[in-house]
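Down below are the structures I want you to see.
First chain A sits with chain B, and in the next complex the same chain sits with chain C.
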Partner chain A sequence: MAVPDRDLAEFRSTVGDWCRANVPKDWRRAQAGAPEEQFVAFQKAWFQELRQVGWAVPHWPAEWGGGMSVAEQIVLYQELAANDAPRLVLAFVAIHHAASTLLVAGTDEQRRCHLPAILDGELWVQGFSEPDAGSDLASLRTTGRREGDVFVVNGQKLWSSGAAHADWCLLLVRTDPGAPKREGISYFLMDMRTPGIDVRPIRNANGESHFCEMFLDDVVIPVSGLVGPEHGGWRVAQETLSAERGMTMLELSERLGRAGFTWLLEACRVRGPSGDRLLDDPVVADRLAAFEIEVAGLRSLCRRVVERHEAGASAPAEASIAKLLYSELLQRVMDFATEVVGLEAHTQLTKPLSSGWESGAWMLDYIGSYEWTIPGGTSEIQRTIIGERGLGLPREPAAR
Partner chain B sequence: MDSDFGAVHDELRGVARMMLANHSPLTTAGRSFKPLDWQLLASSGWLGLEVPAAQGGAGAGFAELAVLLTEFGRVAAAAPYLGSVVLGTAALSLLEANTGRDHRLQELAAGTRRVAVALPTDRPEVGQPTAPFRIRRAGSVLEVSGRAGFVPDVVGADEILLLAADDHRPVLVAVAPSAPGLQIDAQPVVDETRHLAAVIADGVEIDPDSLWSFTGSPEAGAARLAERAMLAVACDSLGLATMMMEATVAYVTDRYQFGRPIGSYQAVKHACADMLVGISICSELVGTAVEALSSDEPGSWVPVSMAKAHVSSVAVEIAGKAIQLHGGVGYTWERGLHAYLKRAALNRSLFGSPIAHRRRLAARYAGEGNS
Partner chain C sequence: MNIELSDEAEEYGRQARRALGSAGGDRLAQQAEADPHARGALVDPVFEALGAWELDPRAGSEELEAGAALCRSAGWWALAYPVAERLCRPRDLDVDGLVVIGPGPPAAPVGGLRMAWAAVSLDGWRAVCAASPLRGPVRKSGYVVGLEVGSFERGGQGDVALGLVLPCWTLLGMLDRAMSLTRAHIAAREQFGQPLAAFQGVQFQLTDAEVERLGFEALATHALWSIEAGRADAVDDALALRLAAIEAADTVFRVCHQLHGAIGFCDETTLSWVSRASVPLRRLPLNLAGTGAALTRRLGRRGLSGLFGPNDEPSPTLPALRPERR
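What follows is the complex of A and B.
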């Protein structure tokens, strides 16, 4: 953990130099409105470039190809953001959720089978939410019936981002319908080539279709696909869902500070037909400064969360605090950018698929920000968690 | 507003709501934004609401138009109504009587002609509208040049009325879309229910009969047109915000999580309550502005700017909150809420941003008498 500052400074300039030499100069333009196959090919190629220098999965243990200290990871993500490198959005579930599931709860065989494969480009999707199990995830109704050495799974999953390209799926299934709702769920690794899986993309508010529905019709999963104990999947999901959140929030907060806020400043510096700039308006300047302050606080908080997590000293609900702050700040900054840039902000009809949540197509970015305030626990749910786990307030009234 | 008017408005609102019921992106699965049937609007009398009876119209006023505009907002209607009716008919009505004018009003009411009006729409400055075009006189030849961006409903219009400065005096100039030297560049926007275009005139020669003066003060005429545009957008935002509130209340009543309707949780219930509180203020501001504009009150720009600044902002908040409270479903294309958020955000920027309107209002505080 204790990396001397001198080495960190050196590492920072190494990453910066590498980015300047290797980040494709025009990737945003090339990826704006690009066809799906082009996006997938670009993401896979970029993943391999990062892998070659050892920066694709820095958060994994050394034995599996990671092993970077938290201090170095912070520098890495700061520099990738500062140099506007594409984000690994396609491999996101694979390198974060799938990896942490395997590392925390998987068997040796499962790890050997999948961790190297992920480095070679294996893609993963999450099969958690269902039409009637969103915030109340534990009420999920997809069933798994045990028949000897296999489970036969039936049901419907929703909001599975990237299912159309995924090789494997992290799947939550009700295997004991008689047990209390959190005690009858099992966690599976499902091969997406198994017969009976029907993936249908859902078109989003901003026109993209990375979210999918998955219909599972008598899908057979071998017992070897279980992660953790049979019926013990809820606990596995709880442990692995939050494991990666800290570093993700750090990366995204750096992006918001380096890319999003910087571009907003650039937009406000542009001289209009009469020679004036948006930032000459004291009202605009004031709001920009207020955002800068909040972004600075968020970036600092995200670093603190990661360091405390590393030291095993996480404060209660701090992951929820970071997620709530980031998502709502992102939303407010994009909304404000849309407002001040004005009608021009509405003429950008495509955004690059490999970007972060800010692309400079402000109206689309504003719409996209709801992908942060709704999934992964809505802002309403986060506030309840912060109140109950963070402050120890009495729980919401129980179900009637 | 007295009760006779109230009853007329209620009836108009009721008819409109019934006729438009199936046109909302919420009921068309967000798939298409087909324009409303123009001839149907004509036969309903909605195209000639403000046209005098002598020209085949209903002889009503902006108050009645405002009722319809709010209903169009409720269904995020795709129709060239803003360009042709709200601005086109009004522009012609504000002109000194001439033979071409009455004929045009008649055709507008009948739905056989459509016009667009090129006002400043993309500038942050409000106040006295600066004419985006200017007239040049070379002997007996008249030419118009200039540019206006984001003009509503230009594509498909039979004629475009340009707000032009004729030696500093605002006038309107009618040009055909096919006039040599006139360029129309469609400006597609994220909101698919609106159609905007840049109008660029480079030395377009005009017939002296197509250059029209406003009745009375030219400045007041030009300002009146701009105020109508601003208030029309505020009415639209009020309608769409109200629809978003109603859709959200229905959803959170039906949607169960943790064994209870999600609307029973205070986080959700209070957010819905805030929508109603916001809409209550908005509805007052719009009502006051409509009254001021329809009774031609001097200084009507003050309530108009108040309504435009506030309602267009609150509508974005409410449409955004509606998506948030609908959860993942609200974020799908098919559910159609996105169409409302996009339209609300575009409305916020059309005809002066909230910041620009507030700046204009604040200029009064120093006692400069900016009216």
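What follows is the complex of A and C.
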């Protein structure tokens, strides 16, 4: 759907004006080191603010509360980033992964039950990875035994971001142990209130506990919780994972370009005790210029990915290239920020929750950025995809 | 010239590693984090038994090399204790250790120890200083505290190279450990029906990291030799080492974290502790850009003389250590 440039410009100024009036001025200060409950309450309130103006789920179909054109979504994410609006980090899995799974593979009843609930604040977590099934997700071992109208599930899930706050879980379970590994998996919607679920937060190198492990002990899931056919969950999971690519990458690249990198520039403009600015150092200026070029390239690439996807002309490995470029560039920019900001970066020991991957607490951002080359397909997996699907190279011999 | 550590120094390093292992090994860093003010008491008996503080790296090559080997072993265990900084203590000041400070606000990972310190700037100005109290959780601060510095005086020219080089040996021990942990991890961890180590893409990443680590090790021995030989460009060599050390650490920890996957960011893995402990050493007293700039300012267009350069005679301005073996 083509949107005239004039309308886009008008939309841009509408979003900008709204942000200036509605983004809480002191949210960064309030969210720095905020207790978990305060973070959750803030995220839910902010979600509702965006929902009221129709910007919480712009990528959903119109009948479910979205319907924004891709061109407008690009403008929306650019403006939210440029105006430093809080990110919807808590609802991320709900509005992207859960929604895209339900829209593509869910039943009408599942859609009617959950899509409006997500708009009302229902939170989701992804129960995919396991201790022995990371990159090799299809080797997962959590079992689901069918007993009449229910499945009884046992096993362990790992790296389930936000499990501590989630109401529902997207769960992959092996329901046919005898079948080849990709053909014995079923996809479930699991109510997190079901008895037998034990969620334990895992503290990461930053001291945060956003990801969790989940122990499932005789958890009973009704057959109505199946998404797609029994044992046909692997293909459904591909839909869920494809939600991580495309518009979410565009949003992240805009955050990096219009928020993170802008603050880095600001930090370099500050005069030190001797009156010098870091910007006046030619080495610093050089590095910044090189990063600016890379960030511009990343933003263009992400834009092309979503535009071509909309046009039905996606290239097979473009999304992998965008993720690889973003994650490795983020790490290098954060590393440089930690370097140039120096000791001060080490004294900033609380990161404002609700911010993007770059928050201005550079040391913590730097450590946090190292996570990025792992989830959603490690860099090794992305390179394999680019090699095999993008360049048409032979499959890795041992990969089964 | 022989830039390898002596057999005695290597053996001393092995003994130190064993002794620290027997005293708790990886648990030492964890116990220190739980009670940062007890971090000295945790390791004092081991260093006592090793005679660590009787070592005087300024007294000659044997003790200098033994000190370097000790630092490397401390790094292996990610020991939360400034071993290198204590070994660098100047004999003419009543202090417990010495740290090199950069042009920014003086700071070092010496919090929570109740010790007196000397600080030396890159151009050899020296001052007695006191460490500020620890602030916030040490898992985030890395024991880094600001230093309250007294008045600076000339006289620290002989301290700079030593103060830069020995902490690099600690960092080298951390890289040794990170590589060893990752090698074990990829050999044990199976995905797609085979160990990660069987994937050539994984092997090549680890080999690239190993090349970095080995280059760093070679420069570490060279910079140590440069101090022993009393060379005029010992500080240049030390800065070049520091530059290589930071670059190698960036590569090694990036690869090791990547190959560990998400578990490497959790304290259930030793890598998480080692990598966290490495951060202050990589950032202070000078980060990558700062080290490069300092080296460039000193060298101008001259370049390093290296092992076989024209300037490798002992300096007339710096007291040569007794270069018995060299």
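Following the convention adopted for this analysis, the second predicted complex is superposed on the first by the 396 of 400 C-alpha atoms of A that agree within 3 Å, B and C clash if a C-alpha of one lies under 4 Å from a C-alpha of the other, contacts with A are read in each partner's own complex, and residues count from 1 in each chain.
Everything below uses one rule, namely that a residue touches a chain if its C-beta (ideal position, glycine included) is under 8 Å from a C-beta of that chain, and two chains touch if they have at least 3 such contacts.
Small disclaimer: the values here were computed from a predicted structure and weren't measured.
In the three-chain model built by superposing on chain A, chain B clashes with chain C. After overlaying the two complexes on the shared chain, residue contacts for A:T143 are found with neither chain B nor chain C. By the touch criterion defined above, A:Y370 lies against chain B and chain C together after alignment on the C-alpha atoms of chain A. By the touch criterion defined above, A:H346 reaches both chain B and chain C. Touch criterion met: A:R203 reaches chain B and chain C at once.
In the superposition on chain A, A:R383 contacts both chain B and chain C. When the two structures are aligned on the shared chain, A:T194 is found in touch with neither chain B nor chain C. Comparing the two interfaces of chain A, the one with chain B and the one with chain C have residues 129, 132, 134-136, 139, 158-159, 202-207, 211, 281, 283-284, 331, 335, 338-340, 342-343, 346-347, 349, 363-364, 370-371, 373-375, 378-380, 383-384, 396, 399-400 in common.
Residues 129, 132-136, 139, 158-159, 202-207, 211, 281, 283-284, 287, 331, 335, 338-340, 342-343, 346-347, 349, 363-364, 370-371, 373-375, 378-380, 383-384, 396, 398-400 of chain A are the ones that touch chain C when the two sit in their complex.
Chain contact summary for the complex, chain B toward chain A: residues 121-122, 124, 149-150, 187-191, 196, 256-260, 262, 265, 267-268, 271, 316, 320, 323-324, 327-328, 330-334, 337-338, 341-342, 345-346, 348-350, 353-355, 359.
Considering their complex, residues 104-105, 107, 135-137, 139-142, 144, 190-194, 198-199, 201-202, 250, 254, 257-258, 261-262, 265-267, 272, 275-276, 279-280, 283-284, 287-290, 292-293 of chain C touch chain A.
For chain A in complex with chain B, the residues that touch the partner chain are 129, 132, 134-136, 139, 158-159, 202-207, 211, 272, 281, 283-284, 331, 335, 338-340, 342-349, 363-364, 366-367, 370-371, 373-375, 378-380, 383-384, 396, 399-400.
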